[in-house]
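Got some structures for you, see below.
In the two complexes below, subunit A is the common chain; its partner is subunit B in one and subunit C in the other.
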Partner chain A sequence: MRNKFSHIGLVFFVLIGVIPFAAAFIYALLYSLGIVGVLNSGFTLQHWQTVLASSEVFKSFGYSALVAAISVVISVSFALWLALKFRKEFDQKILSFIIYLPLAIPGVVAAFFTFQLFSRAGFFSRLAYQLGWINEVSQFPDLVNDALATGIIITFITIVMPFFVLLFLNVYKNERVGNLSELAYSLGASSKQVLWRVSLPVILRKTWTLIALYFIFLLGAYEIPLLLGQESPQMLSVLIIREIKQFDLSKISEGYAIAIIYTIVVSVAVSALFSRKNKTLNEI
Partner chain B sequence: MKFNWKPYILTLIVLLILFPFVYMVLLSLASEWRFPDLLPSYFGLRNWLKIIGSETGLLHSFLISVSISLSVATVSTLSGFFISRSVSYHPKKRVLTLLTYFPYILAPVVFAACLSYFFLRMGLFGNATGVIVAQFMITFPYALIFFSSFWNQRTKNLEDLVATLGGNQLQTFFKMLFPIAKGMLLICFFQTFLISWFEYGLTSIIGVGKVQTLTIKVFLFIKEANFYYGALSCCLLIFPPVVLLYLNKRYVFNKLV
Partner chain C sequence: MFLEVKNIVKSFGSEQIIKELNFTLNAQNTMSILGKSGCGKTSMLKIIGGLLSPDAGEIILNGINVANQSPKHRKIVYLYQEDLLFPHLNVFENIAFGLRLKKLPENEIIQKVNSIIASLELEDQSGKMPHQLSGGQRQRVSFGRAIIINPALLLLDEPFGSLDAGTRQRMQELFKKLTKEFDITSLFVTHDLKEAILMGDQIAFMQKGRLKVYQDKTEFINDKETGVQDEIGFWDGLKSKETISKH
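What follows is the complex of A and B.
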């Protein structure tokens, strides 16, 4: 009886958890090879050759990775500083709830908020005008839809950093970093040594998998770069959807080829993160 | 005497956290707010009253979003709880868990674009059922991963104890497993509700604009440059999660730790 339940569970796991992913991957692969799909007439490597020869795809990969990496590094650094400096204050009743509030803001809202504040007709531009720093809209710097992805990075940081603060506070408590630090002090360590040789290594060793996972999440982010990004280069998900959903039907296969490259990169990264260490998110 | 800068930084942090909420509410109450005015020329309840009249379909979107998120959260929490047991006790747990991560880590919008053909063939394209099924495919792996820590040696020992004392499978679930997993079930429900509630890309692909959840509405208003209604939609999008966070923290999380 027990085995029967277990087998039914596994069947459902395969049906819901494995088959959709496999089906999506195979369909995208077949489409990119010209075997299925509108306007495709049979096996061809032409779409793959076009994608691999195009600089746009690699630019998009590099751009997405850079934006995600900058956002994660800044978020983690600030979050570590806040968690280590204000851990006692964040335990107070009202503050312990307030620091959870940013988790209630979805990406769409965060992007809209950044647009409202940093666009040329936004809040800060108005403030700059009222203070006499600018005389017209065009004098305000491009902070959204700009080449440096300023708006995207600001929004990523506002979305990700609160989560890291909560994570580091939790790890600080669970790993008894406070007790370890006291022990280090009693053995004669300086504040600097306690920070660099005790607190940071313990916290980062415990959370690096999750930090890497957030990098992967940001790499595939969609709505924030869709609203705040520029036309070229675009972040990966935006580029893939633009290719797949555009009116030129002959380009759809190329969109699926990029989707396959992205899926392989992400899957290899996840396998490297979780298979060798036998680590799951719950163990972090 | 050393200068204590901590209270100032803390005040700044609190202001930065509360600012988006306050700004969104103010923007939703405003209209005719043109550059370079720092304050709007109209400030009142006009936009909010229009929702009650359903002129913009926002109330309808709110109800659709609530229905979709409740359905997705309920199904994924329950199925995740039961199925994670089979996965966690399986000798090949490592491989199965790794397989769970693939759909979880992939950008939902890309996953949806690759799956859209199958949804079209099954008649699930452009309707709420399709959106629920598609969102379930990304919340289900989350629930599986979430519950994998619950099925440990201690839980297995308790299950064995119930079996030794003559309890059957149903009794094990309803009288032992559900009561001890109550807190985790609630947290998983809240989290999967939020994943569904915040979802935009996948919903836009599978719903093809016909299933207008609140996130879709926010984008529509932004595209129309109707920022006041956009802010109003944002308020409707933010406040249910705030209430959930409060309940989660007050009644669930505090009792778990």
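What follows is the complex of A and C.
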């Protein structure tokens, strides 16, 4: 009976998860090779050659990876600090409720809030003007749609950090980091040694896979970079959609080629990640 | 006296869990402390180890009052009920943990750790991670990690509570051997009557936060409150029934 249910589950997984994805991937591949598509007239590598010769794609890749990495590093560091410093306070009902709140806010809403708060016509700009710190709008730093992706990074941190706080608090409890820390003190460790030799290694060892997955998730984020990003370079998803939806229909194939490259890179990264994770689980 | 505990008191809210704790212990001796769950044994050990602050009292170790010292400076190691090993370190690194904190030279660390590993009969396990070890092996690593830093006092909180009978007996023997080999002074908390008698040079009984230390094992055995007489009665009764049924 149990076997039968697991077979049905597998069929549903293939029908819902694998087939549509595989079909989309094959369609994108055929489109990028000129085999299907409105303006395509047969097999060609021209679109791939154009994409690989263009520096925009690689710039976009590097830019996306950098923005995602900075956001993840800041989120993880800040979440670790909060979880370790205010662990007991988070047991209180109000605080635990507040930390859950940002998780319920959609990315597009979070981006809108960031725009309202940090743009030159936004709340902080007006506050700075009222306090006499600036005399005109142009003196307020560019925090939205800027080259340093400040707005994107702030929004990513806002939506990702609460998740990491909850994750680290949970791991702290399950892995008995409190008891391990007491033991380390008892063996002669200082607070600094307990942090670097016990708390951080134990927590990060348990959570690195999720941290890496969040990096991949941010690498492919769309709404937030679309609303808060600059014209060039753009983050990957924004670039891909721009290529696919622009008026010049001949560019659609290039958009699909970029999407294929992105899919392959991410799939290889995820496979490597999970093969290592499975190896660790098998050891257990 | 090597260890003198004087008038230690500890309350959580309105409940006093340690009441006027007083006892002494000679160097290289083990005191077994018997008591039921919730009688204050773990709190007492944590206070002596510096992991809990007492409300009042003194802990004099080798002539120095350590009651206000941090755990780091006491040279007292508290061993948990469970074999709590660092999950990110293998057997060798778990045992070497205290030595690495002191930043000893690598050669010295390797030599000392290998020597302890040999004493613990764990030669083939040094590269294994904690999740790859059995309960008894984990407990041995836990001992090794504590002993290697040469603590002034070892506090053991029901260390064999989670082991099966056979492993427990082997661990008791190993502990006895190690205490002699490394001149260890220890407080050994247990709720097992037989273990208390076997492991301790001195025996004490804790009940509702009060500790009673016995002059010798005979006094402990004759005290009705410890439950030894009930235990003897149970086995004698069983033996008599068996004899009658055979006849």
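Throughout what follows, the second predicted complex is superposed on the first by the 268 of 284 C-alpha atoms of A that agree within 3 Å, B and C clash if a C-alpha of one lies under 4 Å from a C-alpha of the other, contacts with A are read in each partner's own complex, and residues count from 1 in each chain.
The rule is simple: a residue touches a chain if its C-beta (ideal position, glycine included) is under 8 Å from a C-beta of that chain, and two chains touch if they have at least 3 such contacts.
Worth saying up front: this structure is predicted, and the values here are computed from it rather than measured.
J.: After the match on subunit A, would you call subunit B and subunit C a fit or a clash?
T.: fit
J.: In the superposed arrangement, does A:Ser190 touch subunit B (first), subunit C (second), both or neither?
T.: second
J.: Is A:Val137 touching the first partner subunit B, the second partner subunit C, both, or neither of them?
T.: First partner only, subunit B.
J.: Just checking: does A:Glu182 make contact with subunit B only, subunit C only, both, or neither of them? Give me first, second, both or neither.
T.: A:Glu182: touches subunit C, not subunit B.
J.: Name the contact category of A:Phe21: first (subunit B only), second (subunit C only), both, or neither.
T.: first
J.: Tell me which of subunit B and subunit C touches more residues of subunit A.
T.: It is B that touches the greater number of subunit A residues.
J.: Quick one: is A:Leu127 in contact with subunit B, with subunit C, with both, or with neither? Answer first, second, both or neither.
T.: Once the two structures are laid over each other on A, A:Leu127 reaches subunit B alone.
J.: A:Pro201 contacts which: subunit B (first), subunit C (second), both, neither?
T.: A:Pro201 contacts subunit C only, not subunit B.
J.: Once the structures are superposed on A, label A:Val38 by its partner contacts, choosing first (subunit B), second (subunit C), both or neither.
T.: In the superposed model, A:Val38 contacts neither subunit B nor subunit C.
J.: In degrees, to the nearest 10, note the angle that opens at the C-alpha centre of subunit A toward the centres of subunit B and subunit C.
T.: The angle comes out at 90 degrees.
J.: Looking at the overlay, does A:Pro102 come into contact with subunit B only (first), subunit C only (second), both, or neither?
T.: Touch partner of A:Pro102: subunit B, not subunit C.
J.: Quick one: minimum Cα-Cα distance, subunit B versus subunit C, in the superposed arrangement, integer Å.
T.: 17
J.: Take the contacts of subunit A with subunit B and those with subunit C, and give the residues found in both.
T.: Residues 283, which sit in both footprints.
J.: Name, in rising order, each residue of subunit B that touches subunit A in their complex.
T.: 6, 9-10, 13-14, 17-18, 20-21, 23-24, 27, 35-38, 79, 82-83, 85-87, 89-90, 94, 96-103, 105-111, 113-115, 117-118, 136-137, 140-141, 144-146, 148-149, 168-169, 197-198, 200-201, 205, 215, 218-219, 222, 227, 230-231, 234, 237-238, 241-242, 244-246, 249
J.: How about subunit A: which of its residues touch subunit C in the complex?
T.: 175-176, 179-180, 182-190, 193, 197-198, 201-202, 205, 283-284
J.: In the complex, go through subunit A and note every residue touching subunit B.
T.: Against subunit B, subunit A makes touches at 1-2, 5-10, 12-13, 16-18, 20-21, 23-25, 27-28, 82, 85-86, 89, 95-110, 112-113, 115-117, 121, 123, 125-127, 129-130, 137, 162, 213, 216-217, 220-223, 227, 236-237, 240-241, 244-245, 255-256, 259, 262-263, 266-267, 270-271, 274-275, 278, 280-283.
J.: Sort out for me which residues of subunit C touch subunit A in the complex.
T.: The contact residues of subunit C facing subunit A are 49-51, 70-72, 75-78, 80, 84, 86-88, 97-98, 100-102, 129, 131-132, 145-146, 149.
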